[in-house]
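Look for chain A in each of the two complexes below; its partner is chain B in the first and chain C in the second.
Let's turn to the complex of A and B:
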């Protein structure tokens, strides 16, 4: 299929996913939309994302105004990350008014949402206990250098699954929120993940990792970008649908929940943007 | 200048690993294991920044060589000629090891007898280069790098098979010439990626080549750290899930898993430290 056809396919599938979220509000439909907003908020506002951003922003603004997003924040704490990203993107909708945030702000003020005690307490408890034993855990503070180090050091752990992709996207979102220069962001881990995906022909991950390595993190070597482009172009040309699911052996993670369609949609969107944008790859 | 490899293995840890390997040096019981364990001990004993007891390593190598030469199944042992030759080069440069020299000479003689088409293979050319450096044979004929297609197509190098990259690395090592920086970077990424999926044998070979060429970047540094961090309190390397039922017996687990990783770990650490020393002593030359 052509790139234009791919764009149409993604647009239609995204419309369906947004509609299902409005109507069904099942966990799967929330996860579908969450996977898309994750990739949109990880990368810069590329022209190729304009339509998808507008679609998601318009829908998210309605969900924010109607109180759906604040309620989900209270009732589904485990989904606070994608829901926060939806709140963020809702502010781009033409219909958005600052008053739309009032219900959410009141819930935050009341301590109902935005707390996430367990992860914070776990980190602090481990750090405090080890510290008493004379073992210092490197800072987990918000400095860009600390965050870069934490992400890049994931290469020291064996094997990868969707948790690693989520880690890279969350890091990208954080770095972008802090306006961190690209050359201060992680580069070893994103590149190694792309190399692993390229070597297994793992299209779902190649698309996302090519986008992150090409437009967010320090640009990967030309050979990696060209290798990714070649595999994705071939897949799009010979395909008629969204990109396939991640490989079964890397799909599941004990740490986070994912939906099938969401992962296909997010990566096809990333694929479209990566192939459609004029990427000036760095010389070797 | 930072020294990223400095803290990979303390002297105390090296002693523990040395003792761990000492339990597996019985040539009569298991010749292949004894060869690997003795070589791994040599990596520890000959490291000037580590235990620095080269004479002990040479004595152990001689003991191993005598036992292998006298082994009743000597002709069918099928010992890895790369390991034997690498081991000889490590201990035989500074110490007289006549039995070990005799053992490696049999490898050289065997190689000389191979037909010309075999002599042109990357693995055989690389072995010939090592035997030439150790004074056994003349060097291999040069194979121009322009014939090594993967060097001209880095996107293809990125997704090349283990066998293809093995062959490239062997030819480059045989030529003894520097590898282009772009290709070295791609190899380092591939080596680290494969290491994370526990292709330790294969990745270690590529990493040893890059370290010996002085092609060290962030990926090589992290890859050496990765394998150094596989160390357990026993002194061996390689983690297994303690909560899972192991289908292998402890001996088979050691032979097929812990021993190879332990050898690769101590060999890489030794090479990394040698690289660091070389960089430290040549003014103005830092790791790329």
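Let's turn to the complex of A and C:
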């Protein structure tokens, strides 16, 4: 399949996922859209994401205005992070008006949102996003850790799973929120993860990690980026559908819920953006 | 009349303390690390251990010892834990799961309390700590308190100062409203209070300001009422333990509520001393459809509660 066809496939699948979210509101449909918005907000500057961003923003603006997103914030506290990202991206929709935030602000004012216990990084992200939106929630008390060191220390762990990818994206979003220069971001852990994915031919992860290493964290060496490009180009050329699921041996994580389609859509979107962007790889 | 009912309840509580500990002792083999592991599969591979029950038993033994509670069951349970923990390869566990740092710290503390060398290489533990291998990226604040409390007990006293700061990021610390408290939020509060009070040894006056203590007292009693009216003796038991550990002088109304909670815990107990978390599990246990894994945690909670309340009355 060509890159243009891949873009069409992703667009159509994303439309279906957004529609299911609108009508079903099942956990899986929320997780599908959540996985997409996670990757979009990890590298929001990429022109290749423009179409997907516009699709998600238009739908999210409707969900925000109707009170659906604030309601989900109350009912599904564990999904606070992706729902917050949807609220953020909703503000990019042409139809967005500042009054669309009123239902959410009212719920915060009434103490229904923003007071639950969230994992530290999630809490920092949600707090930063709300602050940008002009909504005040209780401040985060824990001191800011050296996020770069914490991320890179993860190479000491003996195994990885989807949770590691989720935390890499959260770290990317937090660095963006803090306007951290790219060369001050972690590079050891993202690269090791990409090397492992390349060695295993693990396409789902290669796509996402290539995007993060190529456009978010300090750029990985030329050979790694070219290796990722070669594997992804081959997969797209010979494929007719979204990228496959992550390998079963890394899917397990007791810390977060994922949906099959969401993971495939997320990584295919990352694959399209990575292959479509003009990547100026560092010399060997 | 009031004196009679108090005396009767006191006698019932002492008997309940003995019976719950007798259950733990009778089922001590089920706390072994290799037990109950048949269903634990991670990344497609069966994991040859399950340490949670043993570590929770260790916490029970640490709490009763820290609070000076005497009990016939504690010595044999302690001996069993020391033997079981000495046979286990903690290094392998730590390499597999960085989240195991809290159990490692608790085990280290337990062995030190009994004058024994740790069942793993102390230099390895120190290497894990100093390289921050254990550093979680996205832990819940009360889980981070768990880790910092454990570290403060094994040669890192500076970790103790982090507890009140982390407490401010918990559900209670963020001002969660009573109707919005989830069961997990309540567990966060009870565990945070275990650590803040140093398992009932430290006064909250030294770590929380007056308005926070006042709000804590109000929330504790309201959540206790919610749990008495509900059907969850596991959370109820932990809330009642907190009431004792926090050393709050109860008003007559609060005393009545606490007694109602104790009564609920007492009537939930089965003839062999197990305390199932819900009425449904109790029925299933009595008909043979539930077992140790379903009841051991609430029984441990009840054993701590009955032991502490017996000492404090």
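Everything below uses one rule, namely that the second predicted complex is superposed on the first by the 254 of 284 C-alpha atoms of A that agree within 3 Å, B and C clash if a C-alpha of one lies under 4 Å from a C-alpha of the other, contacts with A are read in each partner's own complex, and residues count from 1 in each chain.
FYI, a residue touches a chain if its C-beta (ideal position, glycine included) is under 8 Å from a C-beta of that chain, and two chains touch if they have at least 3 such contacts.
It should be emphasised that the depicted structure is a prediction, and the values quoted were computed from it without experimental measurement.
**Q** Report for A:195: first if it touches chain B alone, second if chain C alone, otherwise both or neither.
**A** first
**Q** Is A:221 touching the first partner chain B, the second partner chain C, both, or neither of them?
**A** After superposing on A, A:221 lies in contact with chain B but is clear of chain C.
**Q** Tell me the contact category for A:114 with respect to chain B and chain C: first, second, both or neither.
**A** In the superposition, A:114 touches chain C alone.
**Q** So, does A:230 touch the first partner chain B, the second partner chain C, both, or neither?
**A** first
**Q** Contact-wise, after the overlay, does A:123 reach chain B, chain C, both or neither (first, second, both, neither)?
**A** After superposition on chain A, A:123 lies in contact with chain C alone.
**Q** For A:2, select first, second, both or neither according to whether it touches chain B, chain C, the two together, or no partner.
**A** Neither chain B nor chain C is touched by A:2.
**Q** For A:156, select first, second, both or neither according to whether it touches chain B, chain C, the two together, or no partner.
**A** In the superposed model, A:156 contacts both chain B and chain C.
**Q** Counting touched residues of chain A, say whether chain B or chain C comes out ahead.
**A** C
**Q** Indicate the residue numbers of chain A shared between its chain B interface and its chain C interface, in ascending order.
**A** 156-159.
**Q** Which residues of chain A touch chain B in the complex?
**A** Of all residues in chain A, those touching chain B are 152, 155-160, 187-188, 191-192, 195-196, 198-199, 201, 221-224, 226-227, 230, 284.
**Q** Provide the residue numbers of chain A that touch chain C in the complex, in ascending order.
**A** Where chain A meets chain C, its residues are 77, 111-112, 114-123, 138, 140-143, 149-151, 153-154, 156-159, 161, 167, 170-171, 248-250, 252, 255.
**Q** Any idea which chain B residues touch chain A in the complex?
**A** 154-155, 157-159, 181-182, 185-186, 189-190, 192-194, 196-198, 218-219, 222, 225-226, 229
**Q** Given the complex with chain A, which residues does chain C contribute to the contact?
**A** 42-44, 95-96, 98, 131-133, 135-142, 144, 165-166, 168-171, 173-177, 180, 182, 184-185, 188
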